[in-house]
Every structure is written in C-alpha cells, then in structure tokens.
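Let me begin by presenting the structure, written as structure tokens, before commenting on it.
Chains: A, B, C, D, E and F, in written order; residue numbering restarts at 1 for each.
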Amino acid sequence: MREQHLRPSPISATVDFEADGVQHGVLRLPYSRDDSAWGSVMIPIAVVKNGAGPTALLTGGNHGDEYEGPIALFDLARSLDPAEVRGRVIIVPAMNYPAFQEGTRTSPIDRGNMNRSFPGRPDGTVTEKIADYFHRVLLPLADIVLDFHSGGRTLDFLPFCAAHILEDKLQEAKAFELVEAFGAPYSMKMLEIDAVGMYDTAAEEMGKIFITTELGGGGTATARSAGIAKRGTRNVLRRAGIIGGEVACFGTQWLDMPSEDCFAFAEDAGLVEFLVDLGDAVSKGSVIALIYPIGRTGAEPIEIRARMHGLLVARHFPGLIKAGDCCAVVGVGI
Amino acid sequence: MREQHLRPSPISATVDFEADGVQHGVLRLPYSRDDSAWGSVMIPIAVVKNGAGPTALLTGGNHGDEYEGPIALFDLARSLDPAEVRGRVIIVPAMNYPAFQEGTRTSPIDRGNMNRSFPGRPDGTVTEKIADYFHRVLLPLADIVLDFHSGGRTLDFLPFCAAHILEDKLQEAKAFELVEAFGAPYSMKMLEIDAVGMYDTAAEEMGKIFITTELGGGGTATARSAGIAKRGTRNVLRRAGIIGGEVACFGTQWLDMPSEDCFAFAEDAGLVEFLVDLGDAVSKGSVIALIYPIGRTGAEPIEIRARMHGLLVARHFPGLIKAGDCCAVVGVGI
Amino acid sequence: MREQHLRPSPISATVDFEADGVQHGVLRLPYSRDDSAWGSVMIPIAVVKNGAGPTALLTGGNHGDEYEGPIALFDLARSLDPAEVRGRVIIVPAMNYPAFQEGTRTSPIDRGNMNRSFPGRPDGTVTEKIADYFHRVLLPLADIVLDFHSGGRTLDFLPFCAAHILEDKLQEAKAFELVEAFGAPYSMKMLEIDAVGMYDTAAEEMGKIFITTELGGGGTATARSAGIAKRGTRNVLRRAGIIGGEVACFGTQWLDMPSEDCFAFAEDAGLVEFLVDLGDAVSKGSVIALIYPIGRTGAEPIEIRARMHGLLVARHFPGLIKAGDCCAVVGVGI
Amino acid sequence: MREQHLRPSPISATVDFEADGVQHGVLRLPYSRDDSAWGSVMIPIAVVKNGAGPTALLTGGNHGDEYEGPIALFDLARSLDPAEVRGRVIIVPAMNYPAFQEGTRTSPIDRGNMNRSFPGRPDGTVTEKIADYFHRVLLPLADIVLDFHSGGRTLDFLPFCAAHILEDKLQEAKAFELVEAFGAPYSMKMLEIDAVGMYDTAAEEMGKIFITTELGGGGTATARSAGIAKRGTRNVLRRAGIIGGEVACFGTQWLDMPSEDCFAFAEDAGLVEFLVDLGDAVSKGSVIALIYPIGRTGAEPIEIRARMHGLLVARHFPGLIKAGDCCAVVGVGI
Amino acid sequence: MREQHLRPSPISATVDFEADGVQHGVLRLPYSRDDSAWGSVMIPIAVVKNGAGPTALLTGGNHGDEYEGPIALFDLARSLDPAEVRGRVIIVPAMNYPAFQEGTRTSPIDRGNMNRSFPGRPDGTVTEKIADYFHRVLLPLADIVLDFHSGGRTLDFLPFCAAHILEDKLQEAKAFELVEAFGAPYSMKMLEIDAVGMYDTAAEEMGKIFITTELGGGGTATARSAGIAKRGTRNVLRRAGIIGGEVACFGTQWLDMPSEDCFAFAEDAGLVEFLVDLGDAVSKGSVIALIYPIGRTGAEPIEIRARMHGLLVARHFPGLIKAGDCCAVVGVGI
Amino acid sequence: MREQHLRPSPISATVDFEADGVQHGVLRLPYSRDDSAWGSVMIPIAVVKNGAGPTALLTGGNHGDEYEGPIALFDLARSLDPAEVRGRVIIVPAMNYPAFQEGTRTSPIDRGNMNRSFPGRPDGTVTEKIADYFHRVLLPLADIVLDFHSGGRTLDFLPFCAAHILEDKLQEAKAFELVEAFGAPYSMKMLEIDAVGMYDTAAEEMGKIFITTELGGGGTATARSAGIAKRGTRNVLRRAGIIGGEVACFGTQWLDMPSEDCFAFAEDAGLVEFLVDLGDAVSKGSVIALIYPIGRTGAEPIEIRARMHGLLVARHFPGLIKAGDCCAVVGVGI
C-alpha cells in the first residue's frame, strides 16, 4: 500500500483521540521560515467522546474565506456536552488554518488550495502536509464526514447541503439521508467531473459517508446562514445517532445542475450589474447580468445570458469581474 | 479668496460643459511615474445637456469598492436622451477612478480617501488633485449634487438615502425633499460631527443641495440594490425638474442615529457571528454578535451588546474582525 | 506511451480546429485563486482554415516581454483571408498570456518560464498546463512551427531568424529553407547544448519543421523590427505553400556562434557603458564594455573584453548590470 | 528671505568645495529606517578645481533610469585632470541616487520625482532634502549647470540638447550658445508651460546658465548615445572656458515643439505597433501607431494619428501601453 | 497659542485620568482604510492613581522594535497596587503601537518615526495623530517623563539611562538626579544637536523632567536587560516620591559622547566582523571592525577605526552592513 | 546508481579543484528571470591546495542569516597560505548565497531552506541545484566537512560544536574527535530524529567525517563568537593534519539534549520576557519566560516552564513571539 512507504506525518496532536470527555488542543506542524527558524503552524482541534459509537469528523475552513462552518464548529466545540454524546465528534473548525487566519481561499504560505491537495504529502508544502494528516490519520478514524463550504469572497450561493452521486449506491443513499437531515433550504445531488485532489473524493474512496455544503458567500456570514449551519450540524449528529433528540425538519428544495450549460463565464472584464438575484427564476436566453467596460461611459454593456431555464443558484460576488470568471450558475429544481 | 492664489488644476476635460447633446469623455490628469514617465489618470465623464435649466452633478465611486452608484451612472450615461433633459446632467461614475479600477476604498496610488481629501490641492497627491478639480471646477457648475455611497468591502448597510442637518434650514429642506423623492426603503437625517475633508461639506458650504446614500455593501451590488439606485437617480432628476415624469413613489422609513451609543466597536480580534441581521430589532443590552478567538476551541466568545433600542442599520461585513473595527450600528425609526 | 497515462488537459478551446473559415476564440484554463474562486486564464487563439493542406502553428509571447511576434500575429489574425489560404494557420499571439499581460518574461502566477516548461503537466502549474496543451493538442496538429522571440526587457539582439542543427538532416534542411525564406537581416544556425524543457525541442522531437527568431529586444518593438516580423511570417507561409505569392527576398547574412567564447559575463555589478553597438565588428581582446562601480566616483571601471573576433550580436540591455548577467555575445559571419 | 528661516540641511559633504585638485567623496544624508536606525543615503560627488574661474555643476540621474548622463559623468570624474581645468567642475553623476541604484525614475524611498521636488525642504522627504541641498548649497556655487536627461524606461527620444526660452534674453542667449556647443544631433528651444518644482526653473531663477538634454531612452544607453553625452560635456566645458581645446563641432538640427498638437495620448490600453520610427517624417493625419486590444484576436486596432506635419521626436517605449500614456511626440525643424 | 487653532484630537481614551484606582483601557484612534472602513488603532494604556501627588508618564515602544520598556511597563501595569501610590502613574507600554505590533522601528501604516513626529498634527498621519495626543493631552498631565529606548533591530547599546544637557540648569539637575536613581550600569549626559521632532524636546520645552534610556538592542531583550528596566522604573518612582521604599542602588558608570569623532560610519556594504565587543576599551586609530565585500573571497576587508580613545558603547547589530550605516560609537568615561 | 541517470549540474566552477596554490573564484549557476533573461547566481568559492593530503570542505551560510561561519571563512580564504597546507581546503563561505545576500534564512528566489533540500536536483529550484552540486561534485571531493550554523535572526544559542550519533561508530568517533579539537565552549552529541533533506545526512551517508556548530544567533556575530569560529576552524584543520601547529585547547563542556522535554513551545502570541539567560541553570517546573498579550495592559502573562532540570541552551530571539514558535531549549551537562 502507498501509505506504508511514506514517512510519518510531521504533525503531532495535543489531544488523545481515544480519551473520553472534551479536549481542546492543536495539531502542531513544524514550519521553519525566515521569521521563525523553529516555528510551527498550530491548527485548533477539539475531540468530544463518550464511549463506543460512530465517529463524526466535522470540518470548516477548507477554504479560508468561508465562515458558516467555522462559526458552527467553534460554537459546537464549546457547547457540546460529552454526556449527550454516544461515540465521538472530532471538530476542526479551520482545516487550512493559515488561510483562515488571513481570510483567504488559499494558504498565504504556499497558495495551496486545500481541496485540490489530497491525498497530500508528508514532505510537501504546508497545505499538502495538512492534507496528508487528514488522509492518513483523521479520515480513517471517521464514519461520517461533514465538510463546510460557502462561496468565499468571490462567489455567493443559495444555501444548500450536498452529496455526490456515487458508484456505491448504498454509500450514496446514506449520504443523501444525511443531506436530508441537515435540512438546508436547498439540497443538491452533485456529479463531480474533475474530482482530482478533493477531500470529498479522498473520503468517499475510503467508504466514508461524506456530505458538504454551500451556505452563502461573499466572505461573510449572516445570522440566517450561520443558523442554518448550526442547526444542520446538530441534525446530522442526531440522524447519525451520535447525539439524541429529533432532527429539526424545515423541508428542503432539491436541486440539480444537469450540464455545462448551467455555467456562464465572462469573456470581458468590467463592472457587473445583475438583473436577477439568487433564487430568482431565469428562462433560457434571458439576460442575467450586464458587464460595463469601465474606461468610458456610453459604451454598450456585454450581456450574460442564461443557457437554460431554472433559477440563479450562484453568482460572482465582487462588483468588478475579470475575463474568465464564472459570472452565474443556473440550477433546476427536482 | 483662497482659489485666486492657487495654480490652475492640472486636469483637463475632453468634454465641453456648455455644449448641448451627449458627450462621453475623460478628465485627464497627468501622472508621471516609474512605469509611465508621461502617463495620465483618465476619469470617465459624461455630460448630457439641453438648453437652460438646473445642473445636477451625479457621482459614484467616491470610495472605489461601492458599486450601486457606478452601476446606476454607467446605465444613465448610456441611456439618458438629451431630448428628455431640461438643463444639464454631469455624470462621473467613479470619482476616485484609480480606487475604482482596483476595487479598493482608497486610491492604490496614494492611499487617499477621497471623502477626506477636500478641498484638495492642485499640487498635491493624485487624490487631492481630483478633489481640487471637483471643488474648483465641477461643484461650482452644479445646483444639486447626488453622491452615491454603500458600505464597501468591509461594511453592510440597510439601504438609505440621506442628507445633513444644516444651519441653513431652507437648504436643508430642499435636500430632504430630494431624499424623499429618491425613494430608498430607508431615509436618514444625519448630523455630521467631524466633517473635515468631506465632499459633502465642500458642496454644502457652496450652498449646493447635496444628498447621498448608503445602499448596501460588502463590495458588491444586487439586482435589488442596483434597482434602488437606478430608480432613485431618475426620481431625483424628476423632482429637480431636469427630466419629466412622475416621481416613482414606494414609501420610505425615516431613521435617526441619535448618539454615540449607536456604535459598537470590537475590542478583540476574532471570528464574528452575528445573532441578528440588518433591519432586525434589537433591545438595549441584547447581544448583537459574538467574537470567537480563533487560536483555540473551547474559549468563550466576547459579546457585542446593543447600547440602545432600535434596529440594526449597519454591520461589519467580513467574517473576521480586528480590534478597533466598528462591529454594529443601531438606528431608530422616526 | 507517456501521454496515455495522463489525465486530459483542463484547457478547452472555443474554436473548432477542423472548421473552414476564420475563427477568433480563446483557450480557457480554469484557475481557482483568492480573487476568483471559479476564475480562468483566457488565451486568445485564431484559426484560419481552407480545405486540405499543411498546418502552420504560429506563436508569440512564449516570453511575455517580447513584442515583434505578438504584433505580427495580431496583425495576421485580423487580416488573413481564408480565401488566400490552402490548409490551416493556427495563431496564438501570446502563449504565456499571463506573462504577456504583465509585460514580464515569466508568468506572474507561478514565475514559469514557458520555454523551460515542456512537455508540461495537466495537473501542474498554470504555465505547465499551457505547455502540456501545446504538447499534446496543438503541436500534433502542425506541420511547421514558427515561434517568435526577441531579447525581452533585459537583452537586445541583431534581428535574426534561426533553426537548430539536428540529427535528422532532412528535417534540418527543411527548417533552414524556411529560415532563408523568412528573410531576416541575419540568419543563425544554432547548436543547442541544453535543450531540456524547450518548446523547440518538443516540436523537433515530433518531427515538426521548427523555426524561431530573435528580432530585437529591450521590451519594445520598432516599426523596423515589427516589419521584419510581419514580412517574415508571410514569407514562411508562402514558402510552405499555405498562402500564394512570391517570397519577398532581401538577402540575409548567415551567422554562427561557434563556442562558449562567444559569451562575456559580468562578474561585478555596476553601470555599464558599451563601447560598440550591435552589428559593430570586435576583435579578440578588444574592450566591448566598461562597468563602473556606482558607489564612488574615481574608481576604475571593469573592462569586458571580446574573447574572439566577430561582430556584436547581442548585449545586456538595461543601464545597470548585476554580477552573473550576460553582458555581450559575439557572433561570426559564415 | 525664505532661506533664512529654514533649518540647515541635514546633508554633509565629505569634499571641500574650495580646495584645489581632485576630490572624490559623498554627500551623506542621515536616513533612519527600519533596516538601519542610524543609516544614511550616500550620494557620490566629485570636485575638480584649479584656481579662479567659473564653476560648472554637472548632474545626471535626476531621474534614476536615464543613463547617458551618469556614464559621461562617471567617465569625466575619473579622467578630468585638474591641470587642464581653470575654475571648478562639480560632478554629481546621480542626483537621485536611491532611484539610480534601483534603476527607477522616482525614489524607491518616497516615490519622489526629483524634477518636481524643487526647491525642496530640509525637513521633508529624502528626495526633498536632496533638492533643498542642491537649491541652497550647490546651485549658488555654480555659473553654468548641465543636467542630463533621457527618456528613461518608458520613453525614447531623438538625441537633443536644449535650453528654455526665458524672459531674460541675455541669459537665454548664453544658454543657447552652450546648447550649440554641446553639439548633439538635434537641439531644442523649449517653452516650459508648467515649470513648478523643476530643477531647471530653480537654477534659472537664480540667474544660472542652465542647459539640459534628452539623449535616448528605454532605460539603457548605446555606445552612440553615450558618446554624444561624453563629447557634449567636454564641449560645454570648453565653450565655458573651464577646459581648453576646440569645441568639436558636428552640426546640429534645431527643433521646435510649437503646440499641444505635438502630443498624442493613448485612450486605450493595448499592444502598440509603431508604423514610423524616431526621426521619420510624419504628415498631419497619418497613422503613427496602432494599439491592439490584447484579449481577443480579430478586433480592429485603435489608430494614433499625427495632428501636425513634422518628424517623430519621441515615443512610448514599452511594447504595452496604458490609457493615458503619451504615445508619440511630433516636432518640427526650424 | 498654536494649540488653540487646532481641531481637537480624534483620539479618545477609555480611561478617566482623574479617577483613583487602577484602570486598564485604550486610546482609540479612528483609522479608515481598505480593510476596515470604520476601523481604529487601539493603543493600550493604564492609569494607577491614588490621591494627590506628582504624575509620572511612563512610555515604551516609541520605536516598535525596542523591548525593555514594554516588558517593564506591561509588568508594572499588572503589578502596581494603587495603595502603594501617592499621585498618579500613566503607563503606555507601546506609544507607536502599530510599529510595536509589527516589531518595526517605524509605523507600518505611514512609516512614521514617532521620535521625529512631534509636536504632531490632529489631521496628519496616524503617527502624527498619536504624537499630537501625547503633546496636547498626556504631556501636560505629567511632572516627570520616562521614555524607554534600546537599539532596536539594527543597533546594540551598552545599557544606560540618560538625560539632556539643558539651558535650565534646575530642570537639568532634577533630570540627572532621576538618571542616577534609575541605576543602570551606565549613565549618559547627552547634548542633542538636532532635536527637531523629538518627544524628548517636546517634554523638556514644557518644563517636564524627562529621562530616557538605551538598554540593549538587536530587537530582543534578555533577562538581564529587562531586569535593569524593571528595577530602574521602580527606582525612579521611588525617587519621585510616587511609590515608597529605598532606591535600589548598584552604582553606575557615567559616560560622555563628546564630539562627532565618536561615530564611525561604513562607506561600503559588506559582511561586518567586530574585533571588540560592547564595553571593550578602544584606542584612537585601532581597528574596531572589518567589512568584507561578499561577492568574492580573497579581497582585503575595509577597516573601521576608532577616531578617539574610549570604550565601545554602541554598534551596528546585523551581520551585514550597508554604505552609510553607523558601524560603531565610542564613548568616554567621566 | 541514482546519479547516473541525472543530467549534469548546470553549475560551472571558475576554479580548478586539482590545481595547487590559492584560487578565488565562483560557482556560476545560470538563472533566467524577469530582470535578467541570461542571468546567473554567482557563489564565491576558494580552493587552497598543496600536494597530496586530505581534503576539508568548509561551509558557511547554509542558512543566510548566520554569520560566524562566513566571517571565519572569508577570513581564512584571504589568509591561508598554501605553503602551510598539506592537502586541500575548499571554502564556500555562503552556500545559500542568495539567502546570504539578503540576510534571510531561506532563499529569496524560491524560499528554499538549504538544509532541507538535499540531495537536490539539477533541474529543480535554484536552492535544489546548489544542493545537487554539493551532493554530486563537492562532497565526493571531501574527507572532512565542517558546516557552520548559528541561531539566525530568530534563535540564540550557547556556542557549541556538534556531531551526530551514528551507526558507524568509527565514523562517529572521528567526528567527535574533531568536535573536541574545534574547542567551542560547549560541545554537543546530537541524535537527529528527522534527518530528511539535511546536508549533514548527505555527507554522513557518503562516509564523510561531518561536524557542525551553533555559535550564537540573533542575525549577528560578536567579536567573541567570531573568535570561536576562527580558532575552531584552524583547530580542526590542525587535528586533520592539513595545517601544522598545536590545537589551541581551552576545554569544552559536553552537553546532551536527551528528549522532547528539552523543548518548550509557545501556544500564544505576545511579548516575551525571559527570566533566565543562556547558560543559566533551570529546574524542572521553573518559569523560563512570560508571554504578555499585547492588546491590553493588566492581563496575566502566560508562563513557559522548564520540563526538566538543566541549563538554557537556546531561546527565541525576537521580542515578540508567535503561537507555535519554539520559546526555549533546555540541555543537560554530561
């Protein structure tokens, strides 16, 4: 097996994954650099355990500018009572902690995109070392995995929870059951085309039940979007039997993104004016947004048109757009 | 008079402010620098004029990361027909054009905050030279001035139009009449404590009728917030008699920010979780937001509490907050 | 074969390489980053095709600060009439488009030197992904390849067209025939010592007829040097039978760079004064340039001497030189 | 007088301006900064003096990326024999030494443009302190002043020597006599519109005979352009009677830049193709250059046209141009 | 008076300077910037007061990379019991807090050197605003002022306490009495030549008893140097009668720096080897340090020689030195 | 063997390793980059050889901010007389020359840590290319290797010389004999846990006798620490029989670092106050340092405690510390 030939991870944990009770600690990753020859990256981690039972691995900050996950998980870590747990909950509110500290999608140390860095390498970049630790140490401990995402500073999403369409239909069914339990306003069945390097894929290939989310974006969180994350987390733990109580059910709208026609890219840079907002219905050929060239007044803006009927599920967030940016994503209800 | 002693502005306009019809041009400001010894800053400007009548000066991009104004003004510049105008409309969609190009609040050239740079200087920084041109050339041409603002990348506001409480009550009344006409969901009467360097003050001291807005924030615009800006602009021009048609009226809620108790500042850095959203009611002493220290799980978050009854009119936007940042602003209905 | 094991290129083209007529499109390369989570690099491409016949692949901007190629190719792309073509012309004016946008030799994204990145990798850096696309998609379509170079911001060259001395003498002869047809003032037979990672080598190893140029430098182009590039391009297409007409012939001077003695490196930093200009004759031992230490007046400058007879074919361009920089290159007529 | 109220310059010279012979020293300007609490800027200076006679102040590196002046002056400083001098020659090869070290137009310390910083301030920025020292210490010592310029990294010029049209016609005549003696291929009579902050103006207002040059550009020097500078310097010293020998005369073409129509600015960014080179004749309305938008092939380039008959005396140098950059300058022979 | 014409300071304190007891608070300075439109700089301050008595103003972090002062003052602020105080102690451990946070001599916001920014300006840079607040608010409250300095990252000093030679000999005597009480291993009588902009001068001109220190350097503190600062602070408060107890006396060696000959500057950059250490005796003409050019082995190093007899009281700290840096300072015992 | 499959190193030496006498030259490594298309890194090297005998390879600047080694080696290179040598001494004062020029631990070109880059790659980064040259060219020439280290800018050490505990006890014994001869105040027997990428390991695996040092730190050197390095170097050459004379013996204290308990890491950022200095005795549980949070006065500092009895052998150097930094290292005498 590949793992046998690898040197051990340089990361050490200050928590004991086998001990009952609540532990708050760090994953310490030695990182020698100009401003600290013997420095380290310290990634907060909490473990709440009580006897036998399944293990849930809960992660936020896979991308450092997405906040619903970290809010829900810092909240959970300080409030989850081991007495109410059966099994184990491992909480890492900010996987790519250097990126999270900086408020950026990728790591300021190596520009690593955590979700394109799996399975990682013990002798690679800082981001690859973290990925490797999740791959070889944390994922094997887990039964279910919930990884939080949002749109980050440059995208905004309708709030949804999601799982992938998988070859193993039993594994897939268990995941969609957790998505349903999460109870976001929208839920998505995703068919991943290019899954290379993703945490999702790494978990799924080990047979773990993996679910994820997109809960807003713009590099912020609202009371509403953070509330969805907090409720959803406890719902998932309830459905998994790790904590007690009823799943709080609000109904969800299932969505699909059936083809490449869902995406509209900008071919020109400029000032973007959206003519519809997230959740609004669009019809094929209708104008979703205008892009104004900014160097002169009086020029006609470029039109970004929908290539299919549906509703606006995601959009470019900043007021300016560059050539090549994804401007809008259309989804369909199912 | 002060102006007599100043050298002329180095800025030259390619438009003729006295000519009828539509003109799209630039304000050219020579700017010698390492990457262009004989370079210039080019600020787009449009003039739409038809015979005698009042002059409206419409400006966006006073701060470079606020987008409702630029959208409404690029749209107006390409669509306003001189035949429908009586008088003159001068449109500058991005006053601090270098900041607007970069998507930042202040100028990337000199870090100048345009709204703290008035009256400017013809031999100062690039930002001060632009302020001086507005002060000595454009403002004197105007009867009414509409300057668009939003929260920018780091703040988010309930959408309102506003004018200042002034010593000249006639001037004040005319301004509030335009605010009413603008027709934003909310309207504000502002008492400016520290008005040094503001464009607002420069205009008001010349006796101009000056109104402004805060229409959202986060470094983006939505279809809804851009729509408010576009409708409001035409409403103001209608009320001023520059274009015809009825003011489109939707009703507005007047707000006040009566004291320093409106503001809540963060004394600690961290991850911010808001417990209420913009427009939600808050009561004195209630918790508006929590700030989690990010280095460890398990620590109690700091509470940010309301110091008066009211509704949340503005908030810090990014997911992380620093010590000294304004976290929340409470306003009261009137 | 190596290629069979590689994942597909992430780059997609908006042009159809098999369609007749003129198409202007882009190569879209997804590039997720802090300022655009779902962003892309967009590389302009044109295809002009008319029925059966050979394919020429014409490229500029392999290094981003070399301009004769991009000028000739943007000009050709807008002016080449499919009716005058027999076969296909694929035009990429700026291979390393991110570098070209920035005006730098290497990519601002990953500091990749395109001409040291072949054969590239589909899962590598942005520069490696572009190289891989050329290697696995575009080069296989081509019969002849013309890749434009100049000295860039830090070198200046006598204008020449060149091809490599190859083991396959038939392939070599065809290349030198195209060099002759190009008709630059000078022509060069190059023996590449260290060809690792070069586009040239990648093309030649596939058996393509590959020619290249050095047409000036300094990070600019003149009317004269751009004219050489424009004329040369059409001459090559004529000789290849892709467009009609006579090769415009002006005569060329063949040059050789026979040994390491052609090169003179600076061992000290300073202000450089050349005593001869490009094309001037130099004799072995004569002083080509002086390097003044800049911290003090009165010190004797270091002398850079020619190590062989010949003429000055290339020189360091900027006024200051650093230790280790190539100061001068001497060539000999053949 | 203004000067009486100013504190003394913080700059101290290690040379004695009144001593006969050759001295090589520095102007030391204390400059406290993060990487050197008690650091200094050290500006090389040479003084060559022999008894009574006029004083020439010779300066290069007013802009840090212009090289003919520094080359001629480092050469002169090491080769001028006091025995051949009658009077005094003060040589500062690099006025804005921090900019010269970096190879940039302006100072990397404070982005100061030396030629817009006069009369300077003893308690201002580093650049202003240097200007103040020249204004209050060096200029008063001089009878004639020769200040070298070229186009720098972003402009390229036909080589000319120049002086200003002045109100004092005797002073003007003496200056033009020195320009004639300098003997550059071209000579220019300049009418300065905006002379605020210039070294030229500071010198002229003190009654000094001031001449300047533009001798090439692009951030380099050639053997030819450096030769013009070296010959011209000695010619001027000869004509001033400071050194002996005949003025070496090659004839010069006098030029004029009669109006704003000489200048053509770019209103769009792109790749620039010049259709004429420096010194070529242009006719009113003819196309001097094309600007290609770089994001797509197939688009028509923007044309930059001459607004008067004449010859091309200066051009934008880099291959890319930005909106607002001066693209071309046309002059007329007189 | 100058102050009457100035607008009020924008800084507000969260402590009440007139209240008895211990208060820990901040000076809040509004600072609008790209990453926080309504942000602030927050400078920690403590006030310990008990009834009537003199006021001591204790400051560290005037330069942000000097640590003995901040250590002594953070320690004092948490340990000083109001019950042991008679009068008032105002403690600001880090005057230039933005510089202190960054560990740099000057402010990362505006590169302001606090000790060259007095009297400051309420509408100036952030550093000038802080200086103005000290000048107009804090200094007027004080009777005695102790301002901590060390060498910072680029200098290293023998540990001494110091006061200035003043025209008012009574004021001077009181200051030297406090220096004696401070009890550092060395004590210095300083004659300030260029006192423009210094905090020292601002305090002395108001008639305050002002003392300062240099207690080490290199951007660090040792147990020994921090101990000197902690003992010295309490000694000064004892001598001033603000706290009780005996001045802990260890004896001190008085030093003088009588002329410019104390200082030795580097005229060349390189690797510096000191041949004597701090406190070692040097004789006039002896070699203090060697500077090796680093580009080649085998070159002779430059010698830095003492220009007077004495002992080494300060030296350049980093291993590399630049032209213009102060290399060594020699003092004499008195 | 691995080496057979690698392309040759791109580095060329200007010295002949087989020639008798003294040679001062460079290792030239071609490095194409934006500011020099045909540039190079030039690493100074000296070879002193006299007939047959062992070869010593002496290196400094493995980390660019450590100065005792470069001082001792620049000194040795200019003073070692071939007549006193039997065998060969190869001197590279700054292995990671780009880092040494910049005064940083890692290379400014690629952020490469030289001591984690072995065995290097001929087609890798600049740092990897240097490592490869040492691995395949220089190390094979050597019998004994002395590689200098110190703490650099962020650590400070008691001065010691060291060698590793090895499986080959004969090799180990020879190394400890050289450590003893070096004669630093302290000597260390090191058990390397994670030796991947180290120069040490590369040398030891070839059977070379390898010793190293830690001689101070803070990014500087003192007369005392440089003296230890200079004496130690000659002592080692004497013991190896390469130069004559007696080993100058001062006695040394042997130390051990027996377990992970030697190290104390900071879990919080802040201002660090050490309560003991290097060489002071500490007892298990005693407080070594305090870390003050800097945002507020009055908070209790965090205590860093010793986890074993011993003496302080290393400490964090800068005044501020970050979470994850190594704060203190305790060693024990043996």
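By our rule, a residue touches a chain if its C-beta (ideal position, glycine included) is under 8 Å from a C-beta of that chain, and two chains touch if they have at least 3 such contacts.
Worth saying up front: this structure is predicted, and the values here are computed from it rather than measured.
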{"item": "Chains contacting each of subunit D and subunit F, listed by label", "value": "A, B, C, E"}
{"item": "Same or different residue numbers at the subunit B/subunit E copy interface, by half rule", "value": "different"}
{"item": "Rotation angle (°) superposing Cα atoms of subunit E on subunit F, nearest 5", "value": "180"}
{"item": "Most widely separated chain from subunit F, with each centre as the mean of CA atoms", "value": "B"}
{"item": "Pair joined by the larger number of C-beta contacts - C-E, A-C", "value": "A-C"}
{"item": "Approximate Å spacing (C-alpha centroids) for the pair subunit A, subunit F", "value": "43"}
{"item": "Distance between chain centroids, defined by C-alpha means - subunit B, subunit C (Å)", "value": "49"}
{"item": "Residues of subunit A engaged with two or more neighbouring chains", "value": "26, 42, 65, 267, 295, 318, 323"}
{"item": "Contact graph of the chains (line, ring, star, complete, other)", "value": "other"}
{"item": "All touching chain pairs, where touch follows the definition stated at the start", "value": "A-B, A-C, A-D, A-F, B-D, B-E, B-F, C-D, C-E, C-F, D-E, E-F"}
{"item": "Subunit A - residues contacting subunit B, complex", "value": "22, 24, 26, 42, 44-46, 65-67, 70-71, 73-75, 77-78, 91, 93-94, 100-101, 103, 156, 218-224, 226, 271, 273-277, 280, 292, 294-301, 317-320"}
{"item": "Residues of subunit C touching subunit F in the complex", "value": "63, 65, 104-106, 111, 113, 116, 151-155, 194, 196-197, 265, 267, 318, 322-326"}
{"item": "Touch list for subunit A against partner subunit F, complex", "value": "7, 10, 26, 28, 31-42, 123"}
{"item": "Footprint of subunit E on subunit C - complex, ascending", "value": "267-269, 295, 323"}
